[in-house]
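First the structure, which I've put down as structure tokens, then a few questions once you've had a look.
Chain IDs A, B, C and D follow the sequence of writing; residue 1 opens each chain.
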Amino acid sequence: MTQNYSPLLSLENVTMKFGGLTAVNDVCLKVFPHDLVAVIGPNGAGKTTLFNTITGIYTPTTGRVKFSDHDLKNTKSSDITALGIARTFQNIRLFKNLTVLDNIKLAKHTRIHYGFWSGIMRTKRFKAEEKKIEAECIELLKLFGLETKKDFYAKNLAYGQQRKLEMARALATEPKLLLLDEPAAGMNPTETKELTELIHLIRDKFNIAIILIEHDMKLVMEIAEKIFVLDYGNLIAEGSAKEIQSNKRVIEAYLGAEVNL
Amino acid sequence: MSQNFIYFLWDCLQYFINGIAQGSLYAMVALGYTMVYGIIRLVNFAHGEFLMIGAMCGFYALRAHLPMPAAILVAMLSSGIIAIAVERLVYRPIRKSGRIPALITAIGTSLFFQYFGQLVFGADPKTIPPFIDEKIYNLGEINVSNVQIAIFCITLFVLLFLFWLTHYTKVGKAMRAVSFNLPAAELMGINTNKIISFTFFLGAALAGLGGMLMGYTMSVEPMMGMNLGTKAFVAAVVGGIGIIPGAALGGFIIGIAENLVAGLYKSSFRDAVSFFILILILLVKPSGILGKNMKEKV
Amino acid sequence: MGYYHGILLLVGIFITLTLSLNLINGFCGQFSLGHAGFWGAGAYASAVYSVFYALPLPAPVNMLIAIAVGFIAAAICGLIIGIPCLRLRGDYLAIATLGFGEIVRISIMNTEMVGGPRGFINIPHLANIWWVFAVAFVIALFMFNLKRSAFGRAIISIREDEIAAENMGVNLFNSKLFSFTIGAGIAGIAGALFAHTQQFLHPSNFNFMWSVIILVMVILGGQGSVTGSIIGAVILTIVPEALRYAGGTVAEWRMTIFPVLLIILMMAKPEGLFGAHEISFRKRSEG
Amino acid sequence: MKLKGLPHKFLACLMTLIISNSLYSAETLKVGVVSPITGATATFGQENVNGIKLAYEKIKKAGGKKFDLIIEDDKSDAIESTTATRKLINIDKISAMIGEPTSSLALASAPIVQEAKIPFITPTATNAKVTQVGDYISRACFTDDFQGVVMAKFAVNTLKKKKGLVLIENTSDYSKGLAKSFTDEFLKMGGKMASTEELTYAAKDTDFQSLMRKVKRANPDFIFVPGYYVEVGLIIKQARALGINVPFLGGDGWDSPKLFEIAGPAVKGSYISNHFAPDDKDPVVQNFVKDYKKVYGVNPGGFAALGYDALGIMNAAIQKAKSTKPADINAVLVATKDYPGVTGKITFDANRNPKKAAVVLEAKENGFVFHSKVNP
């Protein structure tokens, strides 16, 4: 697949070291607008670390992360969100003691323009903007089938719903690129199937690029247009599902693992 | 060089020596703090009160005409037993409720013992004589007392003992395992509750010992634990909390700094200086001088 | 000033203080053990203004200036301590703020101008109970509205999960510093009211023990709950007084009973009486 | 916020319910006491209350007008002290009050008492500012100024020493005030200071070696330490260990058997000014000491003696007053003349400060003995 327009995200020789341990080694990859790609690899291959370097939780030891025209070096995690990268977490990080609706509203943080005193004095502008945001949030919840749960505390949702809520929350930040860290973990086959459709739907409805980390190979092979394979921090292969399935190095890396390609 | 400047240099040296002696005592108390924090991540505000109770019991033992070594033993045992009881009855039930409730509980326990002490032992300060007959040696402008030297030696001995305990005994290895990863240690078949109790006992017994040794400069009163406890905690944090040599190092640093400030400037700023150092260290190296940096896993 | 009047006045001041700490501790999840230090800084600064530098203006105007002075002095303290210390977490921040509170108290003790250890006397009687409750009301309203605005939500998200909050685009440091500074400043306002109603300040009122009491008020009511803070302040100002009447032994032992009650509360209901909820008549489905 | 609208009365009713058993029970005369029974200065407060209680038992036996004694703890805290004072005045409706023993907290509560016009006597608040609050505020002890003068006279006239040194506890007003009046009088009488540097220490200090080094270099004939016994004990002990053998002089803050526990025989040869001497041959003193020992098992200190006298003076005023109205009691109280207290014959001057003799005590091996009396 060749594109003649510029990449949305590009990693240039990114290396991430923790003391003596190299978690990500000299990785280069490009993601274009509207892409739906997957990052796979055995446990400990550095997938989540890769996400963490993209979202600014870690600063790469060497190399560059570029998003559109911005070099993300020295950009705070919160500013990266404002630029348009959103993510979910492997070990679900919802605001457990807030309601479902508040979780989503929070994600609108960077899209709110009323001032501090506007909020304190409850001005017209504040009320109008809050009303608009609330409507948007409920719209989003409907998409995920969570609108009836909007006043529940996040901690009281079922596991699958929590995963969905996290995705909804990430989308509420109005990203151009969405990173999903094992969205299907802990889901049953029916839920996984639903998820597959949902991911496609999201991509098309919001016109965004999506990178996902996933262990469920069936899901990956089904939806990913392009797959990157990490092993011990190295990018050992990239290509379509077919190419990856027949790649020798990938099979070696996975040998002994529980996954059947 | 003027006479005043020579005096100044002598003074600094003297304060430094006094600081080491005082720091030894802080170190002894800080060790208990650090061990408890290392094992269950709890800032045990009541640690100073364990010391107070030990010293009080030691005082009454002396009054009952027990010899000094026996009184020290009484102090250590009573501190230790109170600590085990507090851990069992108060800290253990709260352990799962999160850190802020645990911290509040520790503060509550500390306050309880302070006021309890005032009503039971009386608010008047009590004096414990030095554990050996004090002799002062004059070396030029410097004075060193045998009590100071003895305290320093005892602290060194305690440190070596703890090193041996944690590295070469079964219970010590278990302590390290629990402090490294409590649930994992439990899975490995270590009786974590027992190890935690033992840690409390050991830490508090050291505090009791420290309380008795302090007799040479301080009098024992029910409110003494608060100030001493926070300073020991500061020492533990400065050195790197959870790390045994760190506690000792922190104790010496705080002791020396306090004596220098009190001697060269104003003794009313003695208490402020330890907090000042704390804030400074936390800015430069939040994990303490000997600490390792830890980052939250995402 | 009568006894009930005096207690009611303290209730009002403690409501403001508890709300201010709730902003730092309950909303933002930052643990401060030196709040009495901010309170003291505000109290002494405002008293210094009205005793030594008061302008020839009507009393209410001077009181407003005194409140502003208290706010600014405490907020500056909050800023100075916040910039370095807010990088710390949990226990470390608690100890650093504890240290700061002690430094404030020691500095007051060593300042001859404000009476040092004897206490600061002859502060003009500029405020009264109406001032105290008007301010408490305004602050409570401020907190309510803050909680329901984007800024408040951002601060609360930090308490819940710092990393996720940052990932939502919340600037952690700025939000923390904001709540710490404003919380300190509001404590300074409480200090100004305290100074100008009591007309006497003593360093012992700004020690660690009082920091703990304010914190316990927050925790009792529930971290993050505005109405909870108010109730916590009311209960904890009145209960120790009520214990005076419980008769011989209890009255004598009231200072040991207080910590025991505290420990029992922590065991039974660590999230406080109301958690982060507000008391309200509207029903909320809780799944 | 609902609380704002809450009427005053509702809260009052609520509290009345809790406390109804002790409220408005009878029309007996009540005397309130506020003292630090817990907290930082509890050691003074507890002894003070002991003295007051002893006096109360004796007064009850003696007959005459009866009154109830209500004792409140203030935790050594200024807020608590003012709240407790208001409680005594408004709820218990006391007619007279024995105030805080420490100067700083007496200063906190005195304005409240003055406003309510309740006669107030503090046993041991020696700071001059306390009785300046108003005409209802008096004290049982002499002021700091007087003690300083007494000791300066003693140093020059009795000890014949002219080169002195003063060590000040810089966190204490008591210490500073005493040091100033001593220094002023001493210099006026032709004395000299051995050092131009102001030598200070802080409460709760334990290590005085640095201070002692400066003292040793100054080489004075005597050292005046207007401090409290805990620090003083350590100072003397550490001074002797460094070979400083000149006499120490001090004030009533030294007066505790603990001083000898802390410093041991090193105190011997020191002199202090005090309110009373337990071995004073005066039968008033001897009876008090005997009674006190019987109840509490130890010799009384100055806080106990002054607590005892404070209630005694107040009782005398109550008995003599033409009614139980506070104003009438105060009228008699401020005119107190030649009250035979254990701390001397007490007569109030126009500012309600007692004019009475101070005693100078000399330290022997294990306690103070009476040395001489110094009249004002």
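Basically, contacts are C-beta pairs under 8 Å (C-beta built on N, C-alpha and C of every residue); 3 or more make two chains touch, one makes a residue touch a chain.
All of these numbers come straight from a predicted model, not from anything done at the bench.
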Chains touching both chain C and chain D, listed by label: B
Far-end chain from chain B, centres as C-alpha averages: A
Chain closest to the middle [Cα centroid of all protein chains]: C
Averaged-CA centre spacing for the pair chain D and chain A, given as whole angstrom: 72
Length of the line joining the C-alpha centres of chain A and chain B, rounded to whole Å: 48
Chain B and chain C: spacing of chain centres that average the CA atoms, whole Å: 31
Between chain A and chain C, centroid-to-centroid distance (C-alpha), Å: 41
Chain D, residues touching no fewer than two other chains: 37-38, 40, 170-171
Touching two or more other chains - residues of chain C: 109-110, 163, 209, 252, 255
Where chain B touches two or more other chains at once, by residue number: 115, 119, 266, 268, 298
Contacting residues of chain D [partner chain B, same complex]: 37-40, 42-43, 45-47, 170-171, 200-202, 204-207, 209-210, 213, 217, 230, 233-234, 241-242, 256, 258, 261-262
Footprint of chain C on chain B - complex, ascending: 37, 41, 43, 90, 93-94, 97-105, 107-112, 115-116, 119, 226, 230, 233-234, 237, 266, 268-269, 271-272, 274-276, 278-279, 282-283, 286, 296, 298
Complex contacts: residues of chain C adjacent to chain B: 31, 84-85, 87-88, 90-92, 94-96, 98-100, 102-103, 106-107, 109-110, 163, 208-209, 212, 215-216, 219, 223, 252-253, 255-256, 258-260, 262-263, 266-267, 270
Footprint of chain D on chain B - complex, ascending: 7, 11, 14-15, 18, 22, 115, 118-119, 122-127, 134, 136, 141, 143, 145, 217-219, 221, 223, 227, 259, 262-264, 266-268, 270
Of chain C, residues touching chain D in the complex: 1-8, 10-11, 15, 109-110, 116-119, 121, 133, 136-137, 140-141, 198-202, 204-205, 209, 230, 234, 238, 241-242, 244-245, 247, 251-252, 254-255
